[in-house]
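The letters A, B, C, D, E, F, G and H name the chains in turn, as written, and every chain counts its residues from 1.
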Amino acid sequence: MVNPVTHNLKKYFRGEINYTTCPGCGNGIVAQAILWAIDDSGIDFDNYAFVSGIGCSGWIPSPAFNTDVLHVTHGRAIAFATGLKLAAPNMKIIVTAGDGDTSAIGGNHFIHACRRNIDLTMICVNNQIYGMTGGQIAPTTPYLSKTTTTPYGSVERPFDLSKIAIAAGATFVARWTTFQARQLRKTIAKAILHPGFSFVEIISQCPVQYGKVLKKRNDAVAMLMDYKERSINLKKARELQKSELKDKIIVGEFVEERNVPELTQEINRLREEALQKCQR
Amino acid sequence: MEKNKKIRNADFLQGNIACAEGAIMAGCNFFAGYPITPASEIAHHLSKRMFEVGGTFIQTEDEIAAIANVLGASWGGAKAMTATSGPGISLMLENIGLGVVTETPCVIVNVQRGSPSTGSPSIHMQGDMLQSKFGSQGDYQIIALAPSSSQEMFDLTIEAFNLSEQFRTPVFILSDSLIGHMRERVELPNKEELALFERRRLKSYQGINQKIFLDEKVALMPVFGNGLKANVTGSTHKEDGFRNVSDPKILDNEIKVLSNKILKHKKEIIRIEEVNLEDADVAIFSYGLSSRAVLKSIEVARKERIKVGSFRPITIWPFPDEEIKKLSNRVKTIIVCENNLGQLLPFVKAAACENCQVIFLPPKTLGTLYHTMEIIEKIKEVV
Amino acid sequence: MSEIGIRLAGLGGQGVVLSSVIIGRAASVFENMEAVQTQTYGSDMRGGDVCSEIIISEQKILYPIVNYPDILVVLAQKAFSQHIQDLKENRILITDKNLVEVNNVSKNIKHFCGSFNNIAIDKFKDNRVANMIMLGFLIGKTKILSQASLEKAIVDLVPANVMELNIQAFYEGVILGNNL
Amino acid sequence: MIHIDKDTCKGCGICIAVCPKSVLEFSKELNQKGVNYPEVVNEKKCILCENCMIYCPDFAVVVKKDGKK
Amino acid sequence: MEKNKKIRNADFLQGNIACAEGAIMAGCNFFAGYPITPASEIAHHLSKRMFEVGGTFIQTEDEIAAIANVLGASWGGAKAMTATSGPGISLMLENIGLGVVTETPCVIVNVQRGSPSTGSPSIHMQGDMLQSKFGSQGDYQIIALAPSSSQEMFDLTIEAFNLSEQFRTPVFILSDSLIGHMRERVELPNKEELALFERRRLKSYQGINQKIFLDEKVALMPVFGNGLKANVTGSTHKEDGFRNVSDPKILDNEIKVLSNKILKHKKEIIRIEEVNLEDADVAIFSYGLSSRAVLKSIEVARKERIKVGSFRPITIWPFPDEEIKKLSNRVKTIIVCENNLGQLLPFVKAAACENCQVIFLPPKTLGTLYHTMEIIEKIKEVV
Amino acid sequence: MVNPVTHNLKKYFRGEINYTTCPGCGNGIVAQAILWAIDDSGIDFDNYAFVSGIGCSGWIPSPAFNTDVLHVTHGRAIAFATGLKLAAPNMKIIVTAGDGDTSAIGGNHFIHACRRNIDLTMICVNNQIYGMTGGQIAPTTPYLSKTTTTPYGSVERPFDLSKIAIAAGATFVARWTTFQARQLRKTIAKAILHPGFSFVEIISQCPVQYGKVLKKRNDAVAMLMDYKERSINLKKARELQKSELKDKIIVGEFVEERNVPELTQEINRLREEALQKCQR
Amino acid sequence: MIHIDKDTCKGCGICIAVCPKSVLEFSKELNQKGVNYPEVVNEKKCILCENCMIYCPDFAVVVKKDGKK
Amino acid sequence: MSEIGIRLAGLGGQGVVLSSVIIGRAASVFENMEAVQTQTYGSDMRGGDVCSEIIISEQKILYPIVNYPDILVVLAQKAFSQHIQDLKENRILITDKNLVEVNNVSKNIKHFCGSFNNIAIDKFKDNRVANMIMLGFLIGKTKILSQASLEKAIVDLVPANVMELNIQAFYEGVILGNNL
């Protein structure tokens, strides 16, 4: 290595920092935000486990991060993480998944985790496309987009993932774009400590596949600048009309509810009750 | 008056309950499942018992989540199990494959029902024998046991946990609706008497290239939460868990080692029950509940001095082909009796037909036990 | 003693399965015998026919299904016509006098009946114990198992709040069976 | 101090775009990967805001504040 | 300059594209799928072409929905198809079973990849041969075809649609990543030249007990929307579609008739390519792309006057056991070559081993084509 | 039959009207409301098709209704119906499913149908339990309920299905209990005509399995009266505090959006575009 | 006119409960299914509101308004 | 003519696959020959190595993989070391003069090289047409297919707006190949 100065976050990596993502891919920015948040948390990295789905964003922790990492089937990360958390309730478990992973094939596990309020930190990298498999439409791709599988333009309306998370009962819900990397770091740090299911959605650039759709192919900078322009904080958004919000990305921390029972703690309670009943 | 339930060392138990109690006896402390006839009683029972033994029960949103929860829990250190029927297994298959390649111990109970498709939930059938071995994509080995009584539902569930830990792999129990719902006397051992196979855990972090997978002698498992930095993926990987999806040699190695991990230990895994085979000219190959009709028939036939015996694989997978080959050298005919259209028949044939005749006794009515008379007639036809 | 196969047939709600489970438990847990019980439900899941079979034996029981019962207990008319043809000569038939009309039965079949349901209502004010009376009757009549074992099994399997009632009903049936 | 690991860089240009003080510019040369990477052209202007670091998707930029580590 | 694309009766096409174009030629007007390497190109192509031919393309939320959409569309009168790879097939299996028992014509393309589990998406393997037949719960028959070239990707897709309509049943294409991504010359027929099998529809309502299922000669299909009052269920049912889930005889009938519907028409379904077998002492059994390595080896061996020929099942399921039996009477040895650990081997053995020797040539490296030298060596060893 | 007078709706049945549901089961009330709505619609019954999942409510149309009925696998009714509708866009397609069917195993198809706005009428019979399989907890079962699989009381919060439907983008969303059978009939009639995905949730009594949970076993009347008491119309609900709404069932028509593009029509548009491009 | 198909009735009692005019009462007799079914005991009071019909889960009640069909 | 196996190796973005597809199309569609093309990508999906193989023949092509190419085209240094050992004596090697340093190659290998990339930049102001120059060079040099067929295939496979440019580049290459 030419550069003798090591990155502050290098200690969290399994070896050299060497992402095979495309140039300018937002996944790396998200990876950094996650690791800074972990750095901020003061909790030993060994206490963290990562569960990731299949898709480019699955590669954020796998195999890179130097702690327990479980890289599972497409769409099922949350379900694996649920079992893991239930069996190892003292671990901090972070799930990373793409928008397709989370809301296409994995949509069911997603809403149920929200409902169960199990203490997982879900990082959903929403690049509004299937990156890994070559730019097909995702449930988050805007209406009328021309993707590999919608050559005539998409005819389906996209999900608002944070909105669904809220409706399904998630107790911590936030959204940022990669342009708000600093806020993202803070939010993830909060999400990690939140006692329940936290959903952090990140609108993130895929300059290759979604760049193509936007006719900004390979132009990560243009995409970031676009986020800068279109992002609007939820407090400000509340003051605006629906029409004024067209094409805007509402960002911020939407929900933070702290008095909802968390699943692993509830189960602990059941165990104690059952034990008492047995002993009686 | 006090209930006598807990003071006895025998009980009168439904197969499904015997299975659930067997799991608890084996140290199972995690159950995830989704209700389905005729397996639901296992979940019902464990939804109470799990918490009593300090474990966890969760009813998941579907069967895909059930198996995913089980595998996740196993990496979290739990002895984990799920139970379902054919439709649920179909949904689990993708992740069962992941369980195999990530070498994740767990037990999967299939209380088979009348199928295909939604079929007839309460009808006894042995329709999923091959699904358990070939249902997930790709070439892999699995261990599968076929109980034939409540006692075996209990015993083999313990055995399944032991095998799953010993070989770090998912293990199937292939039961069916009749066994699952049948009640029988079950002798309950003391836990102290049992030789339980506990998880062979990696003790300390061995560096980035630690060998945590793909050892024919079974690698130690780097259970999560112990600073072992486990690197686990369902993609093609090397001994250290690092993915490599472009070099066929890595794929080749993964498949072959995983396969050998089971096949080279067949002797330790495979259990056969042989009855009256010493002098037999005719052997009847059957398993699960069907074998009890076979044994009954043999009892009758033996009274008529017909030299017939029973060969019952308790282990269905890995398939006992060597044992069958040996058998084929001793008998003139093997009659295969299954409650399906002959799922294991080609495998018996492939193993035996160089040496002896193999014939199939198709069930008169699929979904019901053979009548002993049907079997006896066939035996007489053959001898 | 060789295998005894019992089939109980009736409608959902009559406690047919519970009765057979009590027999099975009595035999297998309290008399150290082998026992196997199976059941089938009618063509649709709700209400309708129920049939439960139980085999008890001192040896290992191989075949778990009762093709030809030694004892057939019938508690509903429809069940009677469904099952009577499986009852061979010299076997026992037990029916509820008021619920089942028995006809065309071979003379060599030993037929006993009692007013289980009526007694349950009249004497115990609860038709849900009719099955216990039937059970007592069956034991009184056939002596296939000891009353004590049955009682223990009932204790184990019946909710605590109705246990006394059920045991009383059981002994009512035993007396009826002994005497009849 | 801004350190750039030039051979890790994939040349996306984000660091250059997010620098509020135009401290960075693309190199003329190509790196091992065959792309132009950022070079510090105006270190004095740098306010150590760390933008270049936290936005680099490939962890190729390190900003160290003097004294601190 | 004008593009020449459309004026030619031959094209240079990727296997996946040839498959997609074959579907269109066969009259496919509905495609539902979920992206997955190495099958995605089929979806890409059809996402454009479907609309051009007045059909429908939908990218579903997952593979379970894809097959469900396909089956639903088929009942709506469409010729429907989906394409995926092993992981997707695993997820589809429950509903493939429903497709079989509801006798719903459709075509399912599996572009196999390196597996098990996530495996190696771009590596060629023949790992899912048995999954297609045994993956869903219960006993059932399926039709599966294994192409070995772009031309066959085109031709067999048409054939698959024809068979699916003729026998009212799901039909598999078992391709793999190498065939799927390989480009070759494909001759394109005129649509008029083709004998397409169009759906045999019930014409008018025949009363509540109309026989719309379970005919070994294939019942006419009561396509929805025509006042035919179709009564369709995945539960065990009778000829009229009415469910009966308690009587084993109904289940027995369903399974056996559905099975016979295929098995009694094996002659019409099964296609084999035999090369140089007339005088052969040794036959090589292989299919899909592997067979091209075999053919090359035979070409070489024949030059050395070795009497060896190729037996290539184009139809994998129903399994050509009778044809293999016949073969076993003619040759001394059958060498089985598969790009897996011997998935079809037991079936070949079961069919042949009474008459001739059956040996397996395990691939040196799974996931790559046999080298011709490996095969030639084995041939020489045997003769 | 003793009674010579035939039911007005008898004409819609495949044979005798003979549901094998338990006494007092709400499914029959729902069945009647559906058929009355169809009667009101004036559209020939042959133009309707039913797709039903597995669960007691799947038996509402299957095999009873005398038109095309497709009874599929557990949880997948919407996905089958989507394919059917796309292939036969002129048919009126009604999906009947239980709460488990819809929101446990079938949750993913449910939210995606909402998003796609495909013209299906979804009748979700929410009896807050798994009826058919013996009274296990459903994703809709209230917190702390004791069911077959939650002997110590459920520790998961239930879904509000209508809320999720709205968040996922459904353009017609309504909820009634079986006690509002008349309103239900009107709403279903509207839903059938609504050009897009309509979701009608019916809180319905399962006196056997959920009755057990409520300690109102086999008492359909008590359950209906309970609905009567607890139902509150959404207009009224809007005026109340959250605390006042505890244990209330908010009923009414929540959403009716008419200017959202419907999927089959959109696809028609694509076909025309494609055809034009080809001809050019 | 209220018509009750007594052997289809499962005896749930809903019709009786939802009748605003107490027109219906449980029979003393059991029907084929072995349950008590509703009997019209006060037809005159009936206001033909159809509640009994639309709430019957088993389609066992038919209300016909005179003249109309 | 028996089979000719060509292997093209380089990096992502150099148009290696497109070039081989053009050859395949030219042969199979416009010269009625058989052709088969396969490709492999490097160890990770993004960027990195690309290798495409194409066989053309007048007979049916059985084995679709080129184990030992008759013509090896190398456009990147890494590719050179990866593939050169598969090139047997008397076969043809084509390289980009400026991108690949060729060393230790047997004398019996026929090595030709051109500055495809530089010409593309200098003359056509677009390095994306380097592959067309290479293709023309290959045809000019080996004459395995007619220029006309190649031109037609290019017309079919290249976007309309850059078609002229590509064809010019192709003929630039042909001249280079003919002359060199």
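Here is the rule we use: contacts are C-beta pairs under 8 Å (C-beta built on N, C-alpha and C of every residue); 3 or more make two chains touch, one makes a residue touch a chain.
This one's a predicted model, so the numbers in the text were calculated from it and none came from an experiment.
*Asks:* Considering only chains that satisfy the touch condition with chain A, which of them also satisfy it with chain D?
*Replies:* none
*Asks:* Which chains, taken as a pair, are joined by the highest number of C-beta contacts?
*Replies:* Chains B-E share more contact pairs than any other pair.
*Asks:* Going by C-alpha centroids, which chain is farthest from chain F? Tell me that one.
*Replies:* H
*Asks:* When the centre of a chain is set as the mean of its C-alpha atoms, what distance in Å lies between chain B and chain G?
*Replies:* One centre to the other, that is 54 Å.
*Asks:* Measuring centre to centre with CA averages, how many angstrom lie between chain B and chain E?
*Replies:* Distance between chain centres, rounded to whole Å: 30 Å.
*Asks:* What is the distance, in whole Å, between the centres of chain C and chain G, each centre taken as the mean of its C-alpha atoms?
*Replies:* Each chain's C-alpha centroid was found; their separation is 38 Å.
*Asks:* Can you pull out the residues of chain D that are in contact with at least two other chains?
*Replies:* Counting only residues that touch two or more other chains, chain D contributes none.
*Asks:* Counting only residues that touch at least two other chains, what does the list for chain E look like?
*Replies:* In chain E, 48, 51, 61-62, 64, 87, 94, 98, 117-118, 122, 233-235, 246 touch at least two other chains.
*Asks:* Please list all residues of chain F that touch 2 or more other chains.
*Replies:* In chain F, the residues touching two or more other chains are 21-22, 73, 105, 107-108, 112, 139, 152, 267, 270, 273-274.
*Asks:* Could you please specify the touching residues of chain A with respect to chain E in the complex?
*Replies:* 54, 73-75, 104-105, 107, 130, 133-134, 136-137, 139, 148-152
*Asks:* Can you name the residues of chain G that touch chain F in the complex?
*Replies:* 1, 3-8, 10-14, 16-18, 35, 54-59, 62, 64
*Asks:* Hey, which residues of chain F end up touching chain A in the complex?
*Replies:* 105-108, 111-112, 115-117, 139, 152-153, 155-160, 163-164, 166-169, 260-261, 263, 266-267, 269-270, 273-274
*Asks:* With touch defined as at the start, can you tell me which chain B residues reach chain A in the complex?
*Replies:* For chain B paired with chain A, touching residues are 30, 32, 48, 51-52, 54-56, 58, 60-62, 64-65, 68-78, 80, 94-95, 98, 208, 222, 224-235, 241-243.
*Asks:* Flag every residue of chain A that touches chain B in the complex, lowest number first.
*Replies:* Per the stated touch rule, the residues are 14-15, 46-47, 49, 51, 62-63, 66-73, 76, 79-88, 90-91, 108-109, 112, 267, 270-271, 273-275, 277-278.
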